[in-house]
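Before anything else, here is the set of structures, which you'll find just below.
Look for chain A in each of the two complexes below; its partner is chain B in the first and chain C in the second.
Up next, the complex of A and B:
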């Protein structure tokens, strides 16, 4: 029983990271119809921005996180003006924007590698400390990851459902043309979406770096596949969907190794199990758990 | 329309020139076989992990190849042979310690740079992928400085894949011997390994040897190096109550796995054995003190510094390539470079066929023992048709019929938090 609880906690930790990154991707795709292959590198950028404050300017983790969130949001906005808006003005559609994002991903990863170096980096936190709560071992970074991720996604969900800005976002995700006819400032809303997505991605990077105890420029890229899976499982466009998708993937991955589950799957099969769940969900409910059924 | 007589005249002149040229060539050939100076340019390409899991060692081993190339060219210039023979490092590519980039790098070096020899890569998985995908079909020689997985021994490679570090069949036995020394022969041990060719093969070898010697295995766990979190695997690895652990991993992944193990509260590095790549001080510092102080492990040892070429090379590397940290494994890629040159020299050609046909004979007995310190003499001996036996700066080499080195010295190393020291050494021979 303790083993199962421990595995569920492990799954919540992994799932929280997935959920944050998935919320970021889901927001961008839902509102802007961009499959952003570079989102993983936004996550890596956030981690390295926090590293800059934490290591070089000797700031604490809180200020490092705030800086990372702000910096990634700023990067997202800059890229909107420099890359995405010009591409959209030239008539680029889903496929063209996807290919663009692949190129952007490589450029960002190479830049981070060039500036940050190829070695493993860690924040100045104690990665070896853990607490025993009942029979379960959990560490401070892990608890923080779970709580912060939950809080951030709930905040985003509230913003999207309760504020007029949120209404505008939902309007442009349905149809940008109709939304602008109805009086929504599409360009400003798009920038705001990028700010939100950038903030989520930066936060995801910091938490992923904390939870993994060390990271390199491939941090976000190796996360990308599970992030997309979480988006699809949860349903595109819904932050609650990203939360459910991320957490369920994380928990399924870890719990499948439980010895009470037919002796436990060998941990190397964790990604395979996670993606089997993805396929099962797609077969039964193609729009994802919380997505809206739509005809394409 | 040209007139017939003119055509005939031109034809006669062409024929005369052709006959004269052939006669001249024949006479020079008969006079040059007496001197027999070959003429070739050996094109070497390197594929090393400049990023990724093994990036702590990649740049240094690449620098050692450049050092080897420079040493050879300087010696050739001193002998007055640099007009006809030269060695060039035509390209260095990054395999990111992954398979797909290794294959792309090899494709570029084989098809675009037209290399004769590839020195690389460092991880077994990348080497096997690159060999099977690119170099074996294209008949290019590969000398890997450090790929140690046993699968490479019997690879169907047309004699093109060679390596300088001993196969892990030796390291499996060394790990078992070290385990017996540290834990006791009949102890129960938990084994953990990264999920790739190197990790799973060595894990299987260790388990087989350990059980055959009367030991017991508790838990055996593998992990995906690209995983997001490692706590589940760490918790599985510390289950039961083993006398100790044998862990097979690379530094950058262990930088995540090690802290996860410490957080379980049930693991201690002083009760753990790891392998060669972890014995590099830079790698150990990357992981963090609490996961590494007291750590022990096995590693292939180079010949003792009392051998002149070993200490001379260490000084040379420090002097010429001071930008790169000395990991202790630079000698391997340096030897790979010298070996490929000597083989090409004996084969009188830089073609991969000539190199692979001669690598074995220049690397081991019979022959005059030479090192890089008397490279000039070695070149003269080969050109005079004599047999040589190259003694490397890491090991004596002595290739067997599979392209593996024939004997190996292993050591048990220990990290006390500041330096890595040797506790014990033992020698294995496949003969």
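Up next, the complex of A and C:
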């Protein structure tokens, strides 16, 4: 029983990081209709931005995180101006933008490798500090990851449901043209969406780097597919969906390795389990668990 | 600069181009003709290479039989791929196919007793055994080299022989695909690409056509996997990284959707980019090390993808009205 509870806690940690990244992807996917394959590299960028503060400028982890979140948001906005907006003006549609994002992912990952090298990096923190409650161990970074992720996603969900900005986001995700006619400043809303998505991605990168204790420039790319799985399982466009999708994938991945579950799946199969859940969900509901049936 | 004049070097570039051309012909059929966004095409290459190597090493199949079985496995894999995916909308189809290709790679990585695991084919019979799946291939290649020697003399190196073999296969695939895609069957596929509902309304079994297109495309991927295995004499799960699929996408997008005969040109352009960065041996590139030059290559590939989407989404040889990427 302790083993199972421990696995669930581990799953919550992985799942909350999935949920953060998934919320970021889902926001862009739902509001801007960009299936952004480069968003994994936004996550990597966040981790390396924090590394810069933490390792080179000898800053604390809190200031490193704040810097990473701000830097990733700035990057996301900059890319909107130099890439996404010009592409939309040229009439690129969903699939054209999809391929564009793959090109961007190539460039970003190679740039991070170019500057940061391909070695394993770690933050300057004590990863061995841990708490034990009734035989279940949680390290300090893990506990921080769960709390910060939940707080961030709930904050985003509140912003989207309660503010006029949130209403504008929902309007442009239904139809940018109609929203524009109704007086929504589409360009400004799009920039705000990128700020929010960039912040979430940067935070996701920092927390993933913290929890994994060491990472390389493939951090975001290895996260990308589980993140998309979480987005699709939870339903595109909803932060709560990303939360549910992320947490359930994280927990399923861990619990499958429980010895009580048909003797336990070998942990090396964990990433494949997330993909299998994705395929199983889509077999039953081709539009995703919480998704509406709609065509792009 | 002597490399620039070396026939062996250009043979190698040409072999890589040929293998990717066959691989991309499969994607051209799936995407360019049928509008299916297969982002996991690399899995068919993995299936072809692994089925052949395992049958030769573990079941002592003769090479030709193992190769036929591998192509058969590729066709079956493509058909099976359609079962969980055909009901999905385009973007979900793309995500699920890349997920399936990762499951295939994880299988090769983790089922060590069958595939050799992360050590690849050198570990097929356990770490102490020397494994070779390509002994009959080497014999076949030297026979062909003998013929070529009679024709053109001493230029017929083993690399040049491989070049000839690979491009004969490319030509064979093109000659096979051209009548198929111009047949009524190919017209239905293009119809599905343009408007699935309209084709269904005419009473055509859309799902069956898509299944056939996926299967044939994956069969071509398996052929490419075989040639890849023969060329490099060793492979491991790392050779079937999801990135490889996007190389094929680059090639098909350069060629243009529905342009079969432009695919080899796209593949040549890709192979030039891929091996071309080694010629950056002048300033400022001399300040970079080999790894950094390799990263530069990925940046170039990314930039080409973006530039194509911005300025020529129909590809170099495609028609604007046949634009698939809506």
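FYI, the second predicted complex is superposed on the first by the 294 of 296 C-alpha atoms of A that agree within 3 Å, B and C clash if a C-alpha of one lies under 4 Å from a C-alpha of the other, contacts with A are read in each partner's own complex, and residues count from 1 in each chain.
We adopt the following convention: a contact is a pair of C-beta atoms (placed from the backbone, for glycine too) under 8 Å apart; a residue touches a chain by one contact, two chains touch by 3 or more.
The model shown is predicted, which means the values in this text are computed figures rather than measured ones.
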{"item": "When chain B and chain C are modelled together on chain A, clash or fit", "value": "clash"}
{"item": "Partner chain in contact with A:283 - chain B first, chain C second, else both or neither", "value": "second"}
{"item": "Contacts of A:118 with chain B and chain C, given as first, second, both or neither", "value": "both"}
{"item": "Touching partner for A:83 - first (chain B), second (chain C), both, neither", "value": "second"}
{"item": "Chain B versus chain C as contact partner of A:228, first or second or both or neither", "value": "second"}
{"item": "Which superposed partner A:165 touches (first chain B, second chain C, both, neither)", "value": "neither"}
{"item": "First (chain B), second (chain C), both or neither touched by A:271", "value": "both"}
{"item": "Superposition clash, chain C versus chain B, among 94-102, 130-138, 202-210 or 310-318", "value": "130-138"}
{"item": "On chain A, positions contacted by chain B and by chain C", "value": "113, 118, 266, 268, 271"}
{"item": "Complex interface listing, chain A residues touching chain C", "value": "35, 83, 86-87, 90, 92-100, 102-107, 109-111, 113-114, 118, 225, 228-229, 232, 266, 268-269, 271-272, 275-276, 278-279, 282-283, 286-288, 295-296"}
{"item": "Residues of chain C touching chain A in the complex", "value": "37, 84, 87-92, 94-96, 98-100, 102-103, 106-107, 109-110, 246, 249, 253, 291-292, 295-299, 301-306, 308-310, 313, 324-326"}
{"item": "Parts of chain B lying in touch with chain A, wherever the complex brings them together", "value": "50-52, 55-56, 195, 221-224, 226-233, 235-236, 251-252, 255-256, 259-260, 262-265, 286, 288, 290-291"}
{"item": "Interface residues, chain A side, partner chain B - complex", "value": "6-7, 10, 13-14, 17-18, 113, 118-120, 122, 127-130, 132, 137, 139, 142, 208, 211-214, 216-218, 222-223, 226, 254, 257, 266-268, 270-271"}
